[in-house]
Amino acid sequence: MQERRQFILTVSCPDTVGLVAAVSGLIASWGGCLDEVNNHADKTTGRFFMRNVIDAESLALGLEEFRAGFVPLARRFQMEFSVRDSSRPKRVALLVSKEEHCLVDLLHRWRTGELPFELPCVLSNHERCREYCDAVGVPFRHVPFSPETKAESFEAVVSLLEQEQVELVVLARFMQILPAWVCERFAGRILNIHHSFLPSFAGSRPYRQAFERGVKLIGATSHFVTAELDAGPIIEQDVMRVDHSHSLADLVRLGRDVEKTVLARALRAVLEERVLIDGNKCIVFR
Amino acid sequence: MQERRQFILTVSCPDTVGLVAAVSGLIASWGGCLDEVNNHADKTTGRFFMRNVIDAESLALGLEEFRAGFVPLARRFQMEFSVRDSSRPKRVALLVSKEEHCLVDLLHRWRTGELPFELPCVLSNHERCREYCDAVGVPFRHVPFSPETKAESFEAVVSLLEQEQVELVVLARFMQILPAWVCERFAGRILNIHHSFLPSFAGSRPYRQAFERGVKLIGATSHFVTAELDAGPIIEQDVMRVDHSHSLADLVRLGRDVEKTVLARALRAVLEERVLIDGNKCIVFR
Amino acid sequence: MQERRQFILTVSCPDTVGLVAAVSGLIASWGGCLDEVNNHADKTTGRFFMRNVIDAESLALGLEEFRAGFVPLARRFQMEFSVRDSSRPKRVALLVSKEEHCLVDLLHRWRTGELPFELPCVLSNHERCREYCDAVGVPFRHVPFSPETKAESFEAVVSLLEQEQVELVVLARFMQILPAWVCERFAGRILNIHHSFLPSFAGSRPYRQAFERGVKLIGATSHFVTAELDAGPIIEQDVMRVDHSHSLADLVRLGRDVEKTVLARALRAVLEERVLIDGNKCIVFR
Amino acid sequence: MQERRQFILTVSCPDTVGLVAAVSGLIASWGGCLDEVNNHADKTTGRFFMRNVIDAESLALGLEEFRAGFVPLARRFQMEFSVRDSSRPKRVALLVSKEEHCLVDLLHRWRTGELPFELPCVLSNHERCREYCDAVGVPFRHVPFSPETKAESFEAVVSLLEQEQVELVVLARFMQILPAWVCERFAGRILNIHHSFLPSFAGSRPYRQAFERGVKLIGATSHFVTAELDAGPIIEQDVMRVDHSHSLADLVRLGRDVEKTVLARALRAVLEERVLIDGNKCIVFR
């Protein structure tokens, strides 16, 4: 599926008559063959969202020409749009602290090509995960964090991200709260995995909170990071059943499997340009 | 959502460039506002499927005019198409034997308007469910079945269905195998609920089969009926967890809840024209 | 499974060596055949919980004799215990407001014997559900509620419950907050269904809260009612997947199916004496 | 939970009065503190099954003494029993072919101690997975298989397993059908993961079968291996939702996540002695 070269066009604009016709008409005029089309009209906000996957071989133009050729239509309908070439994978950085299960899972999916992205580096505030990166030849950057030097540490992190031209940041159990300026600098481009079914148990020690509340399902949530902690647009969630016989340690252990799959699914959706941000919600096209 | 009057256009044709543009362009030329658009290209068969939901108020034409106006485009692209007015609900007949749980569930969803359809009659080979129909004022037709008179009984059933101009037949736990000629007469218009996760445990006594095999999940499957028993295109399936402590009677009891929800979801999808048959599979647009 | 007459013994006490031996030894000394045994030791609180299901026919004594014969052992180990005869179903009252789906579901399960309980009456602050009770011959008691007379209305409700010797109260979408004195009077005997995955979206309009937060799963929670709103011990929870295409009305509609099954499962567990309260958590034996 | 040293006693015998009393009485007479007790009476076969987890520190005797002391009781009730020391992990061999996802998953769970077992070696009919074993220092044994030499290859495999005193064999996507004599030699001690929701799609290419049938859920099954292909007692199953938009390659990719978690859960249950074989079914105590 990924082997075929495709252009992926995503569009967001005020809803009106003729949007699909205009976009698909322009693409057809270029001979473009549509592999997938997804649309959503948000009745609350009156905005329209669209994702078009076009067989790149069917088009007689390159990415830059496509972009330039789309501008007049975008201007007419006040569209925000983006178009990507699927053969040019995104540059992604993984940030991790001590818990390694999400990192190990993503590294394996990356290494086998299941998740197609470029991985210029893994960043961490601990040394603990270095060995996993060394084993697969991924640069591991250790940025120490201490309460006093937090501001400098985040400067260093952002500087590394920009140096590596990172397009997407994945917090794969990175246990540091990002300052507002970092959230804004990478708005809509930082993915987090929170180890609870949000909005339940936001903040610290969610499994302990879940254990103490006696819930019958535990969960995990992947969301975009915003300045407000654990409150950004949700991309994917899942749960698993637990009962009274499970200790807190059991919840932590069982939860790891949910965290891994939720984060991997969310990342895949983002890489395939299936996720469009609509205010504080996510549209996730399938 | 259902209150708004909409035209629902479904299309199936050989895949080619410009299909979305042509269809959405025609609709836009009539001022039609698209509420929902779904597409699917079957790479195996090379066929293209489409569902367009159009705000009827935005169109300056009626259903017949729409149909007539669509014919030239359909001819050009060898399209099979159908267009319906959402304010004209389908005429549905429910067929039932002795197990009443699916019938009771559908009657309640029908009565409260959750599932919008016309219900000219319930047919049964037993008297047992009459009271449920009487209670809500739905005509109950008892057609006795015996091994010797099966052929005549099916003639009587079909005659009743045609008399009532039934468009869709729902086998809500109807325990008689339909002869091939009935399957053909209502091809693509008979919905069944089978009380197993097909293709496991086709045929009779699926819960007993499941109990004896020791499966850890039991399920239900809603599919279109074809001449081959329990082998038609699958619309919806679901499962629930069981374990060694469950008796056969427990499986039967637990399974009822899965059967009810699977059948209700499949019926809703069909009523909303979300289900398109693609060979022996179903496309189910969301 | 329910047809066999059984004694169900539940026990809670400080954990120590020899509890299972003592209890099963006493039962064996009476010739009692154990159909099911469940145990749980809460490592946090040091309490031990036990459920024993005994074939009543294998015992040469009646319920009162059993109780009397168990007292010395209970005293020795500081046990709280309860023993019931499965052939004597609990007296349950259903309380409902305007939303009828949980009521209709429970009435059907009660009527068909799927859920074995006595149903002396349905109470409501509205007239709307009277017809469903009339149809199956269950007394419907209308107790009007107004902001000014709330205290008197609750007096009337409690008076009715006590008059009918109700042992268990099920709030099947009863939209009035119970005062603390009612919660205490029926402590551990009032079951609620909340239409969210608690602790998310406690309080009013949970589906609206869920819609606005953009969660990818909606849920329902059945719990025992305590003086603190939506904070009592959780018995059962479940969720279902939703996405951006679902309107608020869709969430409400889809959620009904989760509410019904969660409440029915919780009620079944309570009726079968599978639920033991352990502080603010529930042990739910399977 | 695993840190505490425990004796795990599992028992299977004809059902009769006084079994729990006799076993728990004997354990209590030794001062044994019961951490967990599970029981199941199979009404069909009249057999009784039991699992007792005893705090080893509370006992004044060792494993051999326990065993010897249990024999008279076992003889009296015709019990088959086994008792293990949780601090002595099982010796497990992993067999794998070319697909590495289950192996990589189990290696990580083993390495981090999430799954406590000894791993004397990984066996494979291909070289492909050697690097994963080298990376974590696990001996990798390559046993080439060809159609002509299959018999000798299985002799070599069994010889290696016996040399390494392997107690449990895990087929982590090992794509060779075991001959009957191997199944018998390790009866009840070979775990397989089959990449379908059995009994659907037994045999080869289950995802292709699932794709062609158009099922709406795909699954995986972990079972004990018997001489009849894919027909042994089922330990664990799970499913995930798919739809018409998924290609065969998507099913294969999505299915990997189900396979990994199902196999890991089944293995954990077996390692914790929670799985008792009852004819062609498994009792899986929680």
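For clarity, chains are labelled A, B, C and D in written order, and residue numbers in each chain start from 1.
Going forward, a residue touches a chain if its C-beta (ideal position, glycine included) is under 8 Å from a C-beta of that chain, and two chains touch if they have at least 3 such contacts.
Just so we're clear, the structure is a prediction, and the values are computed from it rather than from any experiment.
Undergrad: Computing the C-alpha centre of each chain, which chain sits at the greatest distance from subunit B?
TA: Max centre-to-centre separation from subunit B belongs to D.
Undergrad: Count the touching C-beta pairs: is B-C or B-D ahead?
TA: B-D
Undergrad: Which whole number of Å gives the spacing of the CA centres of subunit B and subunit C?
TA: Between these chains, centre-to-centre, one finds 36 Å.
Undergrad: Averaged over CA atoms, how far is the centre of subunit B from the centre of subunit D? Could you give it in whole Å?
TA: Chain centres of subunit B and subunit D, defined by C-alpha means, are spaced 41 Å apart.
Undergrad: Give the residues of subunit A touching no fewer than two other chains, as numbers and ranges.
TA: Expected reply: 36, 243, 245, 247, 286.
Undergrad: Please give the residue numbers of subunit D that touch subunit C in the complex, ascending.
TA: By the definition above, subunit D touches subunit C via 17-22, 24-25, 27-29, 31-37, 39, 41, 58, 241, 286.
Undergrad: Can you name the residues of subunit B that touch subunit D in the complex?
TA: Listed in rising order, the residues are 40, 42-43, 197-201, 213-217, 219, 233-239, 243-245, 247, 278, 280-284, 286.
Undergrad: Would you tell me which residues of subunit A are touching subunit D in their complex?
TA: The contact residues of subunit A facing subunit D are 1, 36, 100-101, 104, 108, 112, 114, 135, 243, 245, 247, 249-250, 253, 257, 261, 264, 286.
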